[in-house]
Amino acid sequence: MSSTVLRVHSLDVTVPGSDGKVNLLDGIDMSLYRGEILGLMGQSGSGKTLTAMALLGMVAPPARVAAGHYQINGTAVPINSAPAMRGIRGRDIFTVFQSPSSALNPTLQIDLQLSEILMHHHGMKRGEARNRCRDLLSRVGLSDPVMDAYPFELSGGMQQRVLIAMALAIRPRVLIADEPTTGLDAITQARILDLFGRLREEIAESILFISHDLRVLLHLTDRIAVIHAGRIVETQPADQLTAQATHPVTRKIIAAFQELEYIGGRHSC
Amino acid sequence: MKSLIQRRLLMLIPTLVGISLLGFILLELMPGDATTLLMRRSAGEVTPEAIDNLRRELGLDRPWPVRYLRWVGRAVRLDFGTSFSSGEPVRREIFSRLPATLALALGAFTFMLTVTLPLGVLSALRKNQWPDHLIRVGAIVFHSVPAYWLGLLLLWVFALKLGLFRVVGQGAWQDLILPIVTLGSGMAAFYSRMTRERVIDVLEQDYIRLVYAKGLSRRILIFRHVLKNALLPLVTLWGMSFGYLLGGSVIVESVFSWPGVGKLVVDAILNRDHPVIQAYVVLMALIFISVNLIVDLVYPLLDPRLRPRRSAEAMEG
Amino acid sequence: MKRLLHNRLVVTGAGILVFLMILVMLGPIVVSSDPFEMNPLHRLEPPNSAYPLGTDYLGRCLLSRLLVAGRISLGTSVWVSVVILFSGLVVGLAAGLAGGRIEEIIMRLVDIFLALPSLVLTLAVIGVLGPSLESAITGICISWWPVYARLVRGMTLTAMAKPWVQAARISGTRGMRLIIRYILPQLAPPLLVLASLEMGTMILVFSGLSFLGLGAQAPTPEWGAMLNDARHFMQTTPHMMLAPGLAIFLSVLGFNLLGEGLRDALNVREMTEF
């Protein structure tokens, strides 16, 4: 049984430009192993979110996936086929966004937004799904009244926990968490990260954690891949990143964070 | 919720006063008052004494605030006097025709909804592809066609040439079809555009991306997630469009000889029949206000965000 | 400006309008027949060499009537739109800028007007004044300006909320200077779009009223009135219905296309309702 949950290589995403096609993603190469949290770090515009969208099959036109070999759990997935990609979404691969307040349908109750996953993918009936919802919500520390509530009645942290509950409901092979703590206050951020840490096995077989914040990644992830200008420039184990990083961009990012923080003291070089 | 109702009703008062004043003024501005009435009704002699008597009888010699209050008193009982042309009580003239106009308005509204919702959604889903362009062009064209011309053309083709409908409406439901299509088309053109924009707006939202990420079918996406969010803001517009329908029915009724209040008021204007005109104005205003009031009160029921919210602390586990 | 010219809608719409304007301005001079001259011998003729569009029930040349009517239909509608938009602009601006009690009072007044469907109020005015071209114009003006007052006030509030406007106000800019340099430039694009669309609507309303016999009176030629004449002869001479209706349609289409094109080119986002 292979321990590689996701493998993608030579992933190209292009967009038509005035002089021909422009590569937004250029030969992306990445593997995710079972049980691990892989961090994807990069500055704004480096292509982090676009990579996530490509893996989900949700690249928005006019950008398109020009090439790429994609395997989930050893099985090849035709990355350009819309039906095939829809088939793996919500089942083998799922995502949790930044800005949870906009990720939930404002006019639909939480219960239904969670249950519909169970009803669609697991064929559950309404009542059964509702009960399962209750369980899932309590796993993330949310109580009964939340089920019938609307998103606007919950705080940012609670909304994010609802999204994590969705991941629990699916337990995909790969969960892509795209900056899930950006935009939350420090205390809530810590709580959510804690939740990720505790539930990591139940949430998904493997997690791709995208962030621009090195501190969060060092705290949570097993390996870190650095992306810059549409390419993966370096991949290192998290606890050795500061020591072993070779690529200039990585070093620049580390330096920037060291100026802000105490990293130098915590991880001896 | 209750306070909302109370506030809304309170805000109505100045409007109602304004409308009553308008109705009253309409009557007052009639050139010649009781004399016109007398001349039309009596076969006998029109003497200065007779005129004076009638004036006293109708209270026309009192100061205007008194006359206004008397008018309001009568209006509340829906007594708008007697029609000059027919001699019948205005109330009967109008109320006998009101159902026909309401049927037309409601029919046109339903027609509009059944046309614009699918077209608007289709247009948004196939944004910038050929169905979208076709629908948008169609919308501009139908928005530019005068309703009366469309009505006449439809009449000519379907009634005269193809003999499918009667030329002069008798009030049967088949006679409603062409008028409904005529009245509804202009509105449909406008709303298919609006619907398209609302749906496009919603489709760009983050929560729709999450629905995609959940791998749900497109059907669920549209019906459960998109429609409600897209159409909710349109509900208030629909209410206001009812006013357009009430006004537009005047023209359509004329084209198809549909026996509604629109036709009645046009004749009344041509015949200088002021009691009818005044009653029409007041009643249409009241209907319009009621519709909008209902929409305003129903809207919070539809949009959960406007309902009283529970505190976040109550949610915490 | 360049973007304006490249926008297909704008070009098409403006093109149609210019074409119509030329027709209407020069047409009556070029066409020899007198629109009021009646030829009882030539009643209800189909298009022929003497009368390119045929004649109406009184033997009048339809083409010349159509062209002269254009001046009235188009001219009146444009003029009325300008009046409505201008008064709406003034009131809306005043309300938005004044704020407080004044704004409330003004908007209350506007709301009372808006409680009536516009056409109904127009009918009321025509009812009082008696059917005629002037009363139709008066009626339309009185009924439609509140819609724009409300829209403009909304736009004014949005414009004033912009950070740079607030900054200007804090540093002492007020009154006419504030309006001219800060508010009006923001209002101009949506108002232009509205103006164009509104002129289209006004043509429909004004001809509609004339169609009902409540606007332009015989023998004044007007497109809506001509349609009304034509409908009585639908069975025998249906061709009479074509030209006036087509004229109205093309004019409104022109304005609508122009308005939509402007909306695209000027990137106007606000919802412009009826």
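Read from first to last, the chains carry the letters A, B and C; within each, the first residue is number 1.
Heads up, the rule we're going with is that a contact is a pair of C-beta atoms (placed from the backbone, for glycine too) under 8 Å apart; a residue touches a chain by one contact, two chains touch by 3 or more.
Bear in mind that the values here come from a model prediction, so they are computed numbers and not experimental data.
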Clusters that remain linked by touching, chain B excluded: A | C
item: Taking each chain's C-alpha mean as its centre, the one farthest from chain B; value: A
item: Interchain centroid distance [CA atoms averaged], chain A/chain B, Å; value: 51
item: Chain B and chain C, separation of their C-alpha mean positions in angstrom; value: 22
item: Separation of chain A from chain C, taking each centre as the mean of its C-alpha atoms, in whole Å; value: 55
item: Chain B - residues contacting chain C, complex; value: 14-15, 18-19, 22, 26, 29-30, 140-141, 143-149, 152-153, 155-156, 160, 190, 194, 237, 240-241, 243-244, 246-248, 250-251, 254-255, 265-266, 268-270, 272, 274, 277-278, 280-281, 284-285, 288-289
item: Touch list for chain B against partner chain A, complex; value: 205-207, 209-217, 220, 224-225, 228-229, 232, 303-305, 309-310, 312, 314-317
item: Contact set on chain C toward chain B in their complex; value: 108, 111-112, 115-121, 123-124, 126-128, 130-131, 200, 204, 207-208, 211-214, 224, 227, 230-231, 234-235, 238, 241, 244-245, 248-249, 252-253, 256-257, 260, 271, 273-274
item: Complex contacts: residues of chain A adjacent to chain B; value: 56, 58, 86-91, 94-95, 97, 99, 102-109, 112, 116-117, 120-121, 138, 141-143, 145-146, 149-150, 152-155, 158, 163, 166, 170
